[in-house]
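The structure under discussion appears below in the form of structure tokens.
The letters A, B, C and D name the chains in turn, as written, and every chain counts its residues from 1.
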Amino acid sequence: MVVPLHHIIAISGLLFTIGVVGVLFRRSAIIVFMSVEIMLNAVNLAFVAFSRYHGSVDGQVFVFFIMTLAAAEVAVGLAIIIALYRNLRTADLSEIHELKH
Amino acid sequence: MNAADILSTLPELVLTVTALGLLLLEVMGKPPRARFVWVALGGVGLALGLEFAVPSEGQFYAGMISVDLFTRFFNVLFLTTAAGSLLISVPYLRRTLEERGEYYALTLFATVGMMFMAKAHDLTITFLGLELLSVSLYILVAFYRNRVRSNEAGLKYLLLGAFSTGFFLFGIALIYGSTGTTHYDGIRLAIGSGEQLSMALTVTGFGLLIIGFAFKVALVPFHMYAPDVYEGAPTPITAFVSTGPKVAGFAAFLKVIATAFAFTTQHWWGILWILAAITMTVGNITALRQDNLKRMLAFSGVAHAGYLAIAIMVGSADSAFALLFYLAAYAITTLGAFGIVSLIEGEDESGLDMDSYRGLARRSPYLAGVFALIMLSLAGFPPTAGFLGKFFIFSAAIDEGYTWLVIIAVVNSLISVYYYLRPVVAMYMQEPADESAVAVPAFIVPVLLLVVLVALGLGLFPMSLVKNSIAAAGSLF
Amino acid sequence: MYNDFAPIPIFIILSVVFIAFALFLQHLIAPAKRSALKDSPYECGEEVEGSAWVQFNIRFYVIALIFIVFEVEVVLLFPWAVVFKELGLIAFVEMVVFLGILTVGLVAVWRRGDLDWVKMVVPYGQGRYAKLAQPQDDVDH
Amino acid sequence: MSDTLYLITLFPLVGFLVNGLLGRWISERQSGLIASLAVLGSLLVSAQLLLGLLARPAEDRLFVQLLFAWIPVGDLNIDVMYRFDPLTAVMTLVITGVGLLIHIYSLGYMRGDPGIRRYYAFLNLFTFMMLNLVLADNLVLLFMGWEGVGLCSYLLIGFWFADEAKARAGLKAFIVNRIGDAGFIIAMVLLFHQFGTLSMSEMAGKAEGALVGPNFFTIVTLLLLVGAIGKSAQIPLFVWLPDAMAGPTPVSALIHAATMVTAGVYLIVRNSLLFSLAPTTMATVAAIGVLTAFLAATIAMTQTDIKKVLAYSTISQLGYMFMAVGVGAFSAGIFHLMTHAFFKALLFLGAGSVIHGLDGEQELGKMGGLKHRMPGTHWTMLIGVLAISGIPGLSGFFSKDEILWGAFIWHDGVNWIWLLGIMTAGLTAFYMFRLYFLVFHGPARWPGDTQPHESPSVMTIPLTLLAYLAILGGYVGIPEALGGINRFHHFLAPVVISYHTAIAAAPNTRPLELLLMAVSTVVSLGGVYYAYRIYRVQPALAEQLARRLRPLYGLSRNRYYVDEFYQAVVVRPFQKLSGLCWNWFDVRAIDGLVNASARSIARLSGVVRQLQSGLIQHYASLILLGVIFIMLYITMG
């Protein structure tokens, strides 16, 4: 059975939306971070689908780069969250707002 | 990959090797750290020299990057900015006992990222350059581990940056889905020949692409991170963050529009029209009430992004040239502004408010003179470079019939003068709290000279930059 | 057609054998000092049962983020391995460069002591570098 | 000859740099001397150039100096060029001449002020900018001067920064000027777009017969007019000038009376060709000018602060100049600009001397009887008052009369502009003599412990020189009707457009001209007379009445009735109108509007700031909002 392209894109869109909602509504910095990763994975899914549709591997190569980026971002993100946690003893985004106005 | 490919990215390679070397030197702990900056500056200088000594032209790495006058213009600008920010950093890092090899290495990595953004001729490389730049900056912003504000700024930059990257990537995915390629020329060909899945898909993808760029250059409403990040970051990094990504973002944006999406203007110019208008207005109006110099300059940066967005939207060769000229003037003057702010800044991030500038003209007349010059240039007073930049952009926009947007921009630039003059009035018209002169470390002096050269020198004798920007913009169209 | 899938069972068998062999070898060589801690799953000193809302030791994150970086390099090795034969020497050089860059990172991490569970004092806080020494923020380790 | 043009601006620039950067190494006195010498240098160069100009035939009177090719690429060609023609000559001489006297005067007036080096630095910078403004051949350079003088004015008003009110005055001047500048910039970009050049001389060459839309010149000139209105304090942007009096008095004299505020008039005359192609704009200029002249004059009648009176008088006189250029009498406008610079600078410096003598007192109600205490100031001020009132024989008479004649022939006969103009002339004489009598005559109303004293000679000598100029300045332009040859008009003729109307072309207009002169002289004298009656005679009369009470009651009552009548019929309505104008039009409407817009922008700024909550997820929501907007735009479009 071949899954039609637009089904996969719809799933990808849905996944992306879940990620966006997660970013907007979760208060833990870590979970927000995971939500961003969900967004990126949604993009990966779209790339793979399009890549197969077009019969070119460019899209899949892009997926590798996105995965690498995701890893790098997680590494840096975790480091920053840890540093912040050491100083503030919290990773709750609603409590991190010293810089404003 | 062949020799020509390597030659075409020689400056980037040199910088990368220098950066890796600095990382190793740091962990080996061998030479004193005080020498690191010279290694870094040597790398930048070598890259700058190679930019001229080994010029290449054309597409390389199987069309992934293209090198021409446009990329050379920006590489020179990026390298100058990097060198300036390195120089500004040294006294600050030493004062706060944070001089470490990673700092210089990350600055160089970020510079490489910017250079690839300008050279990219394929969305893959654009994306990689953007992320190399962004990730390095996330770390740099949060570099002062023990400062809560630095951490917070880093976290905000990172989370929001990653968030906007999500949209950016989804945009690339849609463009790829519609046209079957991520290569700039391929995209244009697909759009031009109609061999795309659907125009709607392509344009939607481009709309999402705008978000990525808009975030990097801080257009309203994607700008919210900017003031917080600029304020929280260590001041020399603020200098870098407020110039590098903005210039690189506009460079890549302009190149993508001019080469890949030239045929789709009618679908999206209105977006940029509105974004430019609200960006200028929000940036300027918010800046009016800022007492913290870093925040004020942050909002001023937002406002300038608005003017620059006009040039992007107009999309003519004239406006591209205006954009390049404006970017060069903006980047160098802003760098200098933050450089001076970092000098006035006291211990524990104090001394950033307007009051700290009282009577600076009496304490350090030359420093005050340069700062006043920067403010006048940012405000667009003739005969500074800032005035010319605005003039070029406005007249390019009028030529294409965007009269109302220009009127909005003019009114905005008039509002902006108010907050740019506030520090000038404080420096010249108010009594200093103490009479001691501000120490100006030798590292900053070249930056200040460069600022004077650009703000006033290019205002009076703009020909060299005008010619180069026209040639650079010409290689895009 | 089934021949196309022949490598798969072979790989499965091989991996089982390889792991069994490694375990056996370890059993022969490694000193065996049993303790309650070592018998616990994951051997990491954390309770494995109870609420998920406990705070993990912050050091896990440090290890995790170093792990992630090196884990992802493998992702890039796979496509490289697929086309390695066609591209030949250039591909080899490119991968060496890539791994070389990662090695620089590894060296940096190692030298800085981030691979140690109990972090050593960074060695250049003293002597001629004393002026540049960073304030020690690792007291909570 | 023309290669010395750059020296005119170089001297003040050097003066500025020396005072600004080397300030700590020079003494207070040296600072003033350097600044004054710099202006003297400019004056001498300008004078020499003027002589060179006069030595040439009329149609060949032009020096240009290309400083450098600023932007010479393809069709984008901007040269930085100075241009010295008769119009520039008049302006430079006024700026450097009056400027020099004010620099010298400041030596006395500002003595002992801690910020004197800064003061002189800015004064020199101002002179530099103002000279650039008038010497510029292209609009960008002109704009540089335009912005520069605004900046200096802003900084100099706030000079005594300790005072909150003064700082706010600077701000208001600034905001109002920015509104005007918006018009200027947009006009500049439009002109550049249309003609591909920013050189005013090239533009003039291309303007006539240019293929442009019917309203192009109207729009562009109206925009330029907005700029001119802002700078020259005309309705509705005049509110900043009275507030600007917060600055030191010599600054008021130089910037807010003699030079900067006349930049608007200069701008219009410089672009007289463009304006003459836009009749609608011309009519607007004339109407704005005459209304400003009249309203400001009525307001000046009731002001009690000596500098405020002079400020409104300046606005009124600037209105006169606008009226002149509006009716096409460009050379008359510049003529009045020049004579006004002389007598108004004189009046301001005189006022400064009085304020100086009374230890900072500015209220007319606390002056009086200073005639003998300050004889030098008294006589020079009297000359200034006579000149501004248009008394025959002094400079103001000639220039004012030429303007009224221009207004009269504008519509070939009696028209409302001329009528309002002539009424303004009467009012001017009235309020200026009111000021004169209140300051120098009558009983002394200053507190007993003040000892009014004459100012030092470093201040009175400039006053004397200005008094000579205020008398003699008019004789360069004796109208033909009085047997002169109106040199001034002919001198300017090559650079400004002249209007020709039916009356002007009539063979013999001399009787008519003489008649009108007589009318305006009578009106002015009437003004003087009533001021004399009310502010000089009546107080004395009141004392008499108090002493003798009944015997002379009938007589005095009769006199009183005359005055009462006058009060009821003439003065009261005017005073009412004046109060109304001041209260409603100025303070509430315009001032209120300016303040309100400044306030609402500030409030808006506060609101936008609050949006910046510091919470990451708020920021992310805004990003999402942006995404939704872009997606909607793309789906709709």
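Basically, a residue touches a chain if its C-beta (ideal position, glycine included) is under 8 Å from a C-beta of that chain, and two chains touch if they have at least 3 such contacts.
Everything numeric here is computed off the predicted structure, so don't read it as measured data.
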Inset, instruction - Name, by label, each chain that touches both members of the pair chain A and chain D. - result: B
Legend entry - Of A-B and B-D, whichever chain pair has more C-beta contact pairs: B-D
Legend entry - Mean-CA-position distance for chain C and chain A (Å): 23
Inset, instruction - Between chain C and chain D, tell me the centre distance in angstrom, where each centre is the average of that chain's C-alpha atoms. - result: 79
Inset, instruction - For chain B and chain D, let me know how many angstrom lie between their CA-based centres, rounded off. - result: 44
Inset, instruction - Note the residues in chain B that touch 2 or more other chains, in rising order. - result: 145-146, 155-156, 159, 163, 227-228
Inset, instruction - Could you list which residues of chain C touch at least two other chains? - result: 137
Inset, instruction - Give me the residues of chain A that touch two or more other chains. - result: 20, 23, 32, 61, 72, 79, 81, 86, 93, 96-100
Inset, instruction - Can you identify all of the chain pairs that touch? - result: A-B, A-C, A-D, B-C, B-D
Inset, instruction - Could you pull out which chain D residues touch chain B in their complex? - result: 20-21, 23-24, 68-73, 76, 118, 140-141, 143-144, 147-148, 151, 154-155, 158-159, 161, 174-175, 178-179, 181-182, 185-186, 189-190, 192-193, 601-602, 604-606, 608-609, 611-612, 614, 616, 618-620, 622-623, 625-627, 629-631, 633-635, 637
Inset, instruction - Would you tell me which residues of chain B are touching chain C in their complex? - result: 1, 20, 23-24, 26-29, 32-34, 94, 97-100, 145-146
Legend entry - Parts of chain A lying in touch with chain B, wherever the complex brings them together: 9, 12, 16, 19-20, 23, 29, 32-33, 36, 39-40, 42-43, 46-47, 49-51, 53-54, 56, 58-59, 61-62, 65-66, 69, 72-73, 76-77, 79-81, 83-84, 86-88, 93, 96-100
Legend entry - Residues of chain C that touch chain B when the two form their complex: 90, 94, 101, 104-105, 107-108, 110-112, 123-124, 128-129, 131-135, 137
Legend entry - Interface residues, chain A side, partner chain C - complex: 60-61, 64, 67-68, 71-72, 74-75, 78-79, 81-82, 85-86
